[in-house]
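Heads up, there are several structures right after this.
Both complexes below contain subunit A, partnered by subunit B and then by subunit C.
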Partner chain A sequence: MRMPWLLRGYAAVFYAFLYMPIGVMVVLSFNDSQIMGFPLKGFTLRWYGEALAEGALLRALWNSFVVGFVASLVATALALMIALGLRHRVPFRGAVLPVILIPIITPGIVSGVLLYVSFGVLGLPYGLSTAVIAAHVTWVLPFAFLTLYPQLHRFDRSIEEAAMDLGATPWVVFRRVILPLIRPAIIATLLFSFTLSFDEFIRTLFVVGSQRTTPVYLWLLIAEQMAPFLPAVGVMIMLVSIAVAGVGFWVSGRAAKLAARVEG
Partner chain B sequence: MVVPGLLWLAVFAVVPLGFLATVSLWKHSLFGLTTAVSLDAYRIIANEPVYALVLWQTLRIALVTTLLSLVISYPLAMFLARLKGHHKTLAVVLVFLPFWTSYVVRTFVWLPMLGRSGVVNSTLLALGIIDKPLDWLLYNEGTVYVGLVYVYTLYMTLPIYLSLDRLDPKLVEAANDLGATPLQAFRRVVLPLTMPGIWSGCTMVFLLSCGAYVTPQLLGGTSGHMLGNVIAAQFLHTNNWPLGAALSLILVVVVIGFLFVAGRRLGLQQLFMGERR
Partner chain C sequence: MKRREFLKNGVAAGALAALSGGLAYGQADPTLEILVVNALVSGPLKGILEKEAKVKINDAPFQSSTDVVSRLAAPGGTGRYNLMMSHSIFSRGPVLGERAGQERCTALDLKKIPNVSQVADTFKPDFLERGGKMYGIPIMWGYDSVLFNTKEVPADKDPGMQSWGLIFDDKYAGRIGWQDASPHMLLAAGLFLGHKQPELMNAEELNEVGKFMIAKKKNVRTIWTSFAQCSNLLATGEVVTTFGPIPVRYGLQQKGEPITNAWCKEGVLSFVQPAYIPKDSSNQDAAHAMINAMLGQAYASQMSPVCGYLSTSKLGAQDMPSAERAKWGYGILDGSTKHAPLRMPQDLNRWLEVWTRIKAS
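The block that comes next holds the complex of A and B.
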C-alpha cells in the first residue's frame, strides 16, 4: 500500500510531540541556571554532579534494582507455573483468567491503598522487603502470565507426550523438553517484568515506608522542592530505564534467534 | 501448578479488597479509628456533593482521555501498519522508547514545557505574541488531558496497530475494486475489523485514567482534581481511612461495571490478550 502524504505528515507531528518534552528536559539538564526553564544561560554538567553527590539517587536506584530483580523472578516463576498448569485439566478453569487479571483491573490508586490498609490493619511493617515486594509481584504477575501463556500454547504438545511415552518423569520433561523451548520467552518475560517493577510508582508510594525506590525518590523531589537539578535526575532515571529495556529487547531477540537455530 | 500463583493473588489482591471493605465500615473520629460498624463514610459521600462531583469529573476526564487517545492513536497505528522492514521496526521502537521510562518522568517533562518560563511561554514571548507569561497553561483540566494522553497513548496505539497489522490488505483492495471510496472502504471494512483493537485500547486507557493520581496531582491544580487525589489525601493527610476505603471501593465498583459492559461485547480473553473468540 502506498503511504499517503497526510499520514506521513501526521506521523511527523506525532513523533515531534512525543519527543519534544523529553528533548526539552535533556536540554534543561545542561542549562546553567538556578531556574528550571528558559532562557538558556550556558552549558554545565554541574546538575549531574550535584544530583549524584547527594547519594540518595544512587541508593534509590540500587533499591529499585533489588526489588525489580526479586519481584520479576517471583512473578515469572508463579506465572510460569500457572501457564504450565493451564495446559492440563484444571477445575474452575474459566475463573482463572479473571482472577489473574484482578491486579490489572484494580485502578492504580486503589492498588496502592490496598496493601497500605491491609498491612496497617494487621500491624505488619511497611518497607521494601515486605509490602513493596508483595505489591510489585502482584502487579507484575498478570503481565508475566499474559506474555508467557501464548508462547506456551504455541509449541506442539506431541513433543512432550513423546518424551512421556519414552518414560521421562514430569520433571525431566520440563527440564529437557519444555524449558529449552520456552527459554527465550522466559528471559523476555523476566526482563519485561523487571522494567515494569523498576518503573512502578503508585503501588509503591504508600507502602514504601521511609525507604525510596527511584520513581518515589523523583516524586518526592518534585513535590518537596523544585530543585534545579531535577531535569538531570529525570534524564539519568530515563537512561537507566531505557538501558534496561534495551538490554531486554536485545537479549530476547538473540534468545529467539538462538532458539530458531536450535529448532531449525 | 496453578495453586501457588493463585494463592499469591488471593492473599495480596483479593483478601486486601476484603480489608478495604471492612475498613470502609469503620468509624473515623478525632481520636482515630474505631472498629465499630458504621455507614458514616458512605453517608458522608452521599450527603456531600463534592464527592459525587469528583467521581463525575474523574469519569469524564477518563472518557475524554480515552476518546482523545483513540483519535490521536488510530492514524499513527495506520502509519505504522503500512511501513515495511527496517523502517517499521525503527518507527515502532521509537513509539515504545519514551514508554520505557517511569510515568513520573513522563509527567514531569510537561512542567518545563508549560510552566511560566517553559517552552511555550518563552516561544510566544520571543515571538511577541504575548507580553507576559500565560498562567493558564498549567494546573487545570486541560493540562490533565495533555498529561494523561501523553502518558497512556501507547496502550491505545499498540492494540490498534496489532489489529491493523493482521488485517489482510487484499480485503481493502477488494473493496476498492468493487467501487468503494477510500472512506467507504475504511468505514465498512477496516473499522469493523479493527474493533477488537479499539475496544482493547479504550479499555486499557480508560482503566488507567480512572486510577490516575500522578498526572492530576502534578499538572491538575484544583480544577483538574480526580478521585485518585481525593483517595490519596484521606490516607496521606486527613488520615480518614474509612472515607478513603469507601471511595476506593466505589471506584472499583464503577470500573468493574464499565469492564462488564465492555467484556460482554468482547470477552476478557480478547480484551486483554488480543485473541479472537
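The block that comes next holds the complex of A and C.
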C-alpha cells in the first residue's frame, strides 16, 4: 500500500526536524572557520586535530570511559541481584519497584543537590572514584533494572528446577544455566548503562570536585568561550554513543533470537 | 588464542589499565584544590602560580559566584576546597557569617601575604574584614559593558555613542542581544535611564525600568545564556551589539573579529572578586602562598593579556603602556573611565519578578 503524500510529507518534516541539528553539527565540524556558523568557509579536518591534541579533552574522555565502565558494572550487578531476588517471595516486594524508580522521577538538579549535601554531611570526598561513581550508579541502576527484569521475569523456571533435580546447587544453576541464557541481556544492559553514565552531566557537576568528565568539560567550554572545535568534539562523542548503541542493538537482537530458541 | 580467551584477556587488561592508570589519567596528585573562575588559571597563568607559590593547582569547574558561596555554605563546604573566589557582593555574608565566630573562612595571616600592600586603594571596600582580622583579599576585577561590532556600529569612532543606550537603540532593531541575568540587565537599563545608583531604585522606579525594557524588547534578537552563545551571535553578525562580559570581547578579539566594548558614559558595571581560604582547608600555607602569588608582578601583569580580567594589584599595570592600560580597562583605577560598582539590590525577589515579566512579555 502506498503512503499518502501527506503522511510522507509529515514523515519528511519529522525526520528533518529530528536530525537536521545533528547534520548541521557534522557539517560545521568540517567548516574552515573560527566561528560556529554559516556561511561555510571551506573544508578542513583541523578541528578534529585540535580536539585530539587537547590534553584536557582526552583526560575528560578517559575519565568518562572509566566512570562509565565501573558504574555500568556495579549497576548491572546490583540490578541483576535485585531482579533475581524479586523472583522470590520477599518482604516489601511491591515497594521495591517504586523505590528503585525514584532516581528516574527525581529531577537531575535536585538529585545533584541531594548528592552534594549528602556527601557533605557524611564527610565523604568528592571526585571520580568516590562521589561521581556513586552518583552514576544511583542514576543508572533503575534503567539497568528495567532492562534486566523483564528478561528474568519471563525466564522459564522449569529449566532451573530440572537442573536442581539433577543435583545442581543454586550457585551452579546460576552460573551454568541462568547466566548463559541471560548473558546477551546482561551485555546489552552494560552497554545501555555505560551510555547513560557517559552522557550524565548535572549530577556529576555537583560532585566531580576538580576533575572533568566529558560532559562537564564540554559545558565549561560552552560556558566560557566559543571553541571552534566544539562541533568536532560533538561529532566524536556522538560516534562513541552510536558505536556503543550499535553493539547494544546487536546484542539485544542476539538475545531475542536466543530466547526464541529456548522457548521454541 | 581463541576468540573467547582473547576477549577475556582484553577485558582483564582493560580493567587493569583502568585501575593502575587511576581515574584521572595523566594527572599529578593535587595539592591545592581551588574553586575560582577557570580563566584565572588558564594557559600560562597556572604555571606562573605553580612556580611562584610552589603548589600544584587543581581547579574545579566554576559555575558562578552564587554557586561558589553555596558550596562554601553547604554541609562540609568549609573543607572541600583550599581556596575560593567569588564576587565580593555575594561573598561577605557567607564568608563572614552573621556574627563574630561564625566565619566560614580562616583569618588570613598577612605576614604570609606581603603583596597585600600592592592592592589598589580602589578595592579597599572589597576586603572581607571583621574585628581587625582579614578573611578575604581582592584579587581580580572586571566589568560588564556593551559589546559591539565596529563594522556595523561606529561607536569606536564616536565616543558620544558609547552608552548603555546601544542595547536599546531602535536603529539596531533585531540585531541586539541581552544577557539572561536579572540584576545586571536591570542595573544597565537603570544607569541608562539616569539612576546613578540603580541598585537603590525603589519599586516604582524599578517598574518604570521594567516598562522601558518591555517597550524595547522588540529590538532584541535574543536573550542569551552562555558566553559561547554570545560569542557566536556576535561573530556570525546575528547581533551587532549586546550586553557583554570581558571574556567574550577578549575571545573574539583574539580571533580577529571586529568586536570591542563601549566605555559607557553612564559607567560600566564593575565587579571585584576576593580570594578566601575555607576554615577547614587542609593546606592553608599553600593557599596563602597562592594568594600572595596572585598579587605578585609575574601573575598580575599577565592576567589581562592571558584572560582579559584585571588584577587588583598595582603591579598588574605598572609597566603597561598607557594605550594598553586603557584597552584593558585600567582607566577605571585612575578615574579616566567611569564605572558603577556592581551592587546587589536589597529586594532581589522584586528584581527577579520584574526581569521575569520582561522576558515573558
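Criterion: the second predicted complex is superposed on the first by the 247 of 264 C-alpha atoms of A that agree within 3 Å, B and C clash if a C-alpha of one lies under 4 Å from a C-alpha of the other, contacts with A are read in each partner's own complex, and residues count from 1 in each chain.
In the analysis below, a residue touches a chain if its C-beta (ideal position, glycine included) is under 8 Å from a C-beta of that chain, and two chains touch if they have at least 3 such contacts.
As the structure is a prediction and not an experimental result, all values here were calculated from the model.
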Is A:Q34 contacted by the first partner subunit B, the second partner subunit C, both or neither? second
After the superposition on A, what does A:E224 contact: first (subunit B), second (subunit C), both or neither? second
Once the shared chain is lined up, is A:V117 touching subunit B (first), subunit C (second), both, or neither of them? both
Quick one: classify A:G42 as touching subunit B (first), subunit C (second), both or neither. neither
Can you tell me whether subunit B or subunit C touches more residues on subunit A? B
Partner chain in contact with A:L128 - subunit B first, subunit C second, else both or neither: second
Quick one: is A:G167 in contact with subunit B, with subunit C, with both, or with neither? Answer first, second, both or neither. neither
By the touch definition at the top of the document, which applies to A:V208: first (subunit B), second (subunit C), both, or neither? second
One more residue to check, A:L86. First (subunit B), second (subunit C), both or neither? first
For A:W62, select first, second, both or neither according to whether it touches subunit B, subunit C, the two together, or no partner. second
Once the two structures are superposed, pull the subunit A residues common to the subunit B and subunit C interfaces. 35-38, 116-117, 120-121, 219, 222, 230
The residues of subunit B that touch subunit A in their complex are 1-6, 8-10, 12-17, 19-20, 22-23, 72, 75-76, 78-79, 82-83, 91, 93-95, 97-98, 100-106, 108-113, 115-119, 122, 150, 169, 172, 207-208, 210-214, 218, 227-228, 231-232, 235-236, 241, 244-245, 248, 251-252, 255-256, 259, 268-269, 272-273
Mind listing the subunit A positions that touch subunit B in their complex? 1, 3, 7-8, 10-11, 14-15, 17-22, 24-25, 28, 35-39, 78-79, 81-82, 84-86, 88, 90, 96-118, 120-121, 134-135, 137-138, 141, 145-146, 149-150, 195, 198-202, 206, 214-215, 218-219, 222, 230-231, 234, 237-238, 241-242, 244-246, 249
Subunit C-facing residues of subunit A, complex: 34-38, 55, 58-59, 62-63, 66-67, 69-70, 116-117, 119-121, 123, 126-129, 205, 208-212, 216, 219-227, 230
For the complex, give me every residue of subunit C touching subunit A. 14-15, 18, 21, 23-27, 30, 33-34, 38-39, 58-61, 63, 71, 74-77, 80, 226-229, 231-232, 235-236, 238, 247, 251-252, 255-257
